[in-house]
Amino acid sequence: MLSKSVIELLSMNHQSPFQVFANLRYAVFQRSTLLLNIHALPSHNQRLSNESFSLTSGAGCDIFQHGASEKRSARIDTVDLTELSITYEVRVETNPDAREIYDTRQLPITEMELSTLDYLFPSRYCESDLMGLLAAKLFGHIAHPLAQARAISDWVFENIDYVVGSTGGATSAHDTLTQRAGVCRDFAHLAIALCRALSIPARYFSGYACNMQPPDFHACFEACVGNRWFIFDPTRLSSPNGLIRIASGRDAADTSFATIFGAMEMELLEVSCTAEHFEPLSQRTLEGKAILLEP
Amino acid sequence: MLSKSVIELLSMNHQSPFQVFANLRYAVFQRSTLLLNIHALPSHNQRLSNESFSLTSGAGCDIFQHGASEKRSARIDTVDLTELSITYEVRVETNPDAREIYDTRQLPITEMELSTLDYLFPSRYCESDLMGLLAAKLFGHIAHPLAQARAISDWVFENIDYVVGSTGGATSAHDTLTQRAGVCRDFAHLAIALCRALSIPARYFSGYACNMQPPDFHACFEACVGNRWFIFDPTRLSSPNGLIRIASGRDAADTSFATIFGAMEMELLEVSCTAEHFEPLSQRTLEGKAILLEP
Amino acid sequence: MLSKSVIELLSMNHQSPFQVFANLRYAVFQRSTLLLNIHALPSHNQRLSNESFSLTSGAGCDIFQHGASEKRSARIDTVDLTELSITYEVRVETNPDAREIYDTRQLPITEMELSTLDYLFPSRYCESDLMGLLAAKLFGHIAHPLAQARAISDWVFENIDYVVGSTGGATSAHDTLTQRAGVCRDFAHLAIALCRALSIPARYFSGYACNMQPPDFHACFEACVGNRWFIFDPTRLSSPNGLIRIASGRDAADTSFATIFGAMEMELLEVSCTAEHFEPLSQRTLEGKAILLEP
Amino acid sequence: MLSKSVIELLSMNHQSPFQVFANLRYAVFQRSTLLLNIHALPSHNQRLSNESFSLTSGAGCDIFQHGASEKRSARIDTVDLTELSITYEVRVETNPDAREIYDTRQLPITEMELSTLDYLFPSRYCESDLMGLLAAKLFGHIAHPLAQARAISDWVFENIDYVVGSTGGATSAHDTLTQRAGVCRDFAHLAIALCRALSIPARYFSGYACNMQPPDFHACFEACVGNRWFIFDPTRLSSPNGLIRIASGRDAADTSFATIFGAMEMELLEVSCTAEHFEPLSQRTLEGKAILLEP
């Protein structure tokens, strides 16, 4: 049975731990504050070890995970530095799981967990409020919300070109729908907007992706069905079993890996995420299934 | 041969003349100027007779057809009127013609008539510059530009809902693409933008439509292939052999039936366009063909 | 001393309690879910009594205040009703306070409370990411962030016309900036976007407003300075001492008073908020000061 | 009399002729068509001599000035070239003139020349239809339309930052109004939109500018008052007496210096415009006056 084999693949897999490494360097032109979202998020299915985070001495820093927030942020004060370097390393073990799409429970909005309701509404880069008719026309005939989310991910992959440099920080799902090009962030925003337009809670996933070429921070999306969050990568540049979560949020505005308050300029960005043995899941293996990063 | 039969239908048809009637009334709050584009445009294939245009006495008016412009505009000065009524009547004979789509010559841009080149560029409501990839993805596989124009008209019909009140004066093709609803003007704008994105000159057609329900001014679009302008109605609310041209232009900004400079408010708009005998062309009859309003 | 007098006015005032009343009626065309944000939010400075919330019998309903969320939402299941009526009543005592603008502590981002950081980022209707230069040009010369927030509120009041019906559910701050007309929601969105563009956390306030004409739900904004939230009404239709909070959020997407999932249509909306004695604060009295709804 | 002195300056000045030079080189990846608008436009006040236009042998080319169009376009067929070079040189004498702003006749719309009416309407990059209220608020108190146009030019200069690379080909006046940064094209678009919103016909001027740093094609705008077109440069990077017209149009969509149909990539762009003696007009000299390039 194909289905079983995926679950087996995932559960058996004793996946090798991932080794994550990030190195950032900034020129600092005046005392500034930097908000960084680059720490892997510890969770039931994402166990961290050997974590180290170091920055140029002289900088102030607090690391926090606020309230309901699904991220660990570092707030860095450059004090009197003129150059700021940051190095982050961590070893991560994850434990993704697979579900048969049509076996997943569908819940009416009245039974959705309260924490998921916020993800039904439009956000800066996901104008789901404009896309009700479109989403209904494209995906309304599909019977199951998880199948809809999967179809949305596939549709975005098939209809949007991955073109580095084609978009910018102000590009939203509405733009991408017309322009049909973008990068991982734009793919995720469009898929999220289409899910929400169908009343499926959907959120932005920011993280590291094993062996991605070229190595960089990555963005995907999660859709909530049956009060569980399923992960999809509409770019198909990563495999869901190679993803490490940094943050969940409504869109890139919530989870941006670096936000500068002041005057700084990035001079270097190195990211890597590797594993001793890593077996990506093929599209074929994923047929009819959806992957959970958390239980 | 089906093709012949359409041409016969059109050439034989000795179509009854159309009787056009428009009645507008405005409350005038201060001396204002009204630019009206409601006169049928005389041309080789659109013969006018019994034309009358009358307005409340006291108003000033000049009617002009400027330069290359494809419209007859009335410029009305309300002087000291507090109410302005306008009545327009005309009898129109048209002589549409049909062509086999794949028999139409394709011309490279270097052989296009100079007058058509302006219609390759984006305009206020037709952001063709944003839609190159989209148009290529949807229609790039179609070999012939006239077949592309036809496919665009069909795609707009199939993918956009006609919903009165869903859009406003600022709605553009980019908006309609996301929102998937609009009225005749929005359908035309989107089709024009998609044609231009494929380097097919395309223009806005504003006119009267025989027996349209509810009666109103109507908008369609024309695509230029082989230096001839072919008409399409992506709303399918009119039949191309029942159309009477008021104006051609880049989009509704060029051809708006009424523009107020000052302070006036429309109180009444009545339009009618009828014929003693009128036989609309079915979609089936139009299969594989495209209609020309002018030679 | 003028300043003292305001504080006295507010503290002495033993403001009469407000009596809030809302009545909504919907036609229901299929089983639907309605999310309502119309409950006043209990808090240190907003004491509720005699609260009643009733709806047509047969409907299912749960009322919840989720996690960090600053609202009490009602989630209503219409089950088999064809008409749904909702009545809400509550008696509210508030205790607003005043501060001298220039006495308020300014805090760098590194000392802001974590819960306020989310309100630095752009949201669906507040594209602060586009307005950095504009905000710096208009308000950058003002030395104190609370004075900036006050100046933003005044600027929005002076530069935007309050025009009922001029905007819709998709209108954002970017639109309002160009179109210069809107309603309370649009005024709040624009002010919020401008604050965030200056790195001042700002949030949407949705609530009831005493004696507002015509009576309706109202929207204002709060800016966070010195880790305290100060309230401003850029429409000047309400007085800050007459405001009762329903919800705080990033923008109207978070706090919309009613969201329909399914097929329902509003048939009636009645809102009232009155007090036995109510003395609005004049713009003059507010000179140099800002008002806190919570300590 | 200051006014006289400007007119004298302009009429006396026996301005040295301008020497214009442009050099473009493209890599050609497939047979393509290039539409170029780089030829200076001959006119009453813009006399051309020693004109030469040469391109890589093997390319096809026709140069045309179509109908009412205010530009000379070159339509180039790359045939089987893999590289295309274009060189354009011309010697130009211009004869700008000055008028006292408040001496210029104001004409109601009913007396405007027909050819100017098209420039009252919105276009791709100039959404004047969205800016009626804004323009009235900012400039409605100014009594004379030419003074309004001058004030608009000044306002754009003072409120928008000239930032190379801040905008792209899709940026419109609505965007620039919010983002407050742009290049010459954006400055012109915003000024045009604001003029049209006040019912002043306004058009895009594309041309060469004497001694501009860095040398490049330049864009300004013209406003029509009293049926005469007055030139303004809201960037203040050029002086009106140093401008040489390539094209007039509704906006950059009409007058883009190069449009590619096919697959080509620009590899080189050199522009220069110099004169033996050139005396730019100072802002002070221009006080109270406006400059005409044509009678």
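Going in written order, the chains are labelled A, B, C and D, and every chain counts its residues from 1.
Assume a residue touches a chain if its C-beta (ideal position, glycine included) is under 8 Å from a C-beta of that chain, and two chains touch if they have at least 3 such contacts.
Note that the coordinates shown come from a computational prediction; the quantities given were computed from them, not determined experimentally.
Note on connectivity: the fewest steps through touching chains from chain A to chain D is 2.
Taken together, chain C and chain D share no touching chain.
Centre-to-centre separation of chain B and chain C, using mean CA positions: 46 Å.
Our note on geometry: chain A versus chain C, Cα centroid distance of 32 Å, whole angstroms. Shown for chain C are the residues in touch with two or more other chains, namely 127, 130. Shown are all chain pairs that touch, namely A-B, A-C, B-D, C-D. Listing the residues of chain A that touch chain B in their complex gives 127, 130-131, 133-134, 137, 159, 161, 174-175, 177-181.
The touching residues of chain B, counted against chain D in their complex, run 33, 35, 60, 62, 64, 66-69, 73, 75, 77, 108-110, 114-115, 117-118, 121-124, 126-127, 129-130, 169-170, 199, 253-254, 256, 259, 261.
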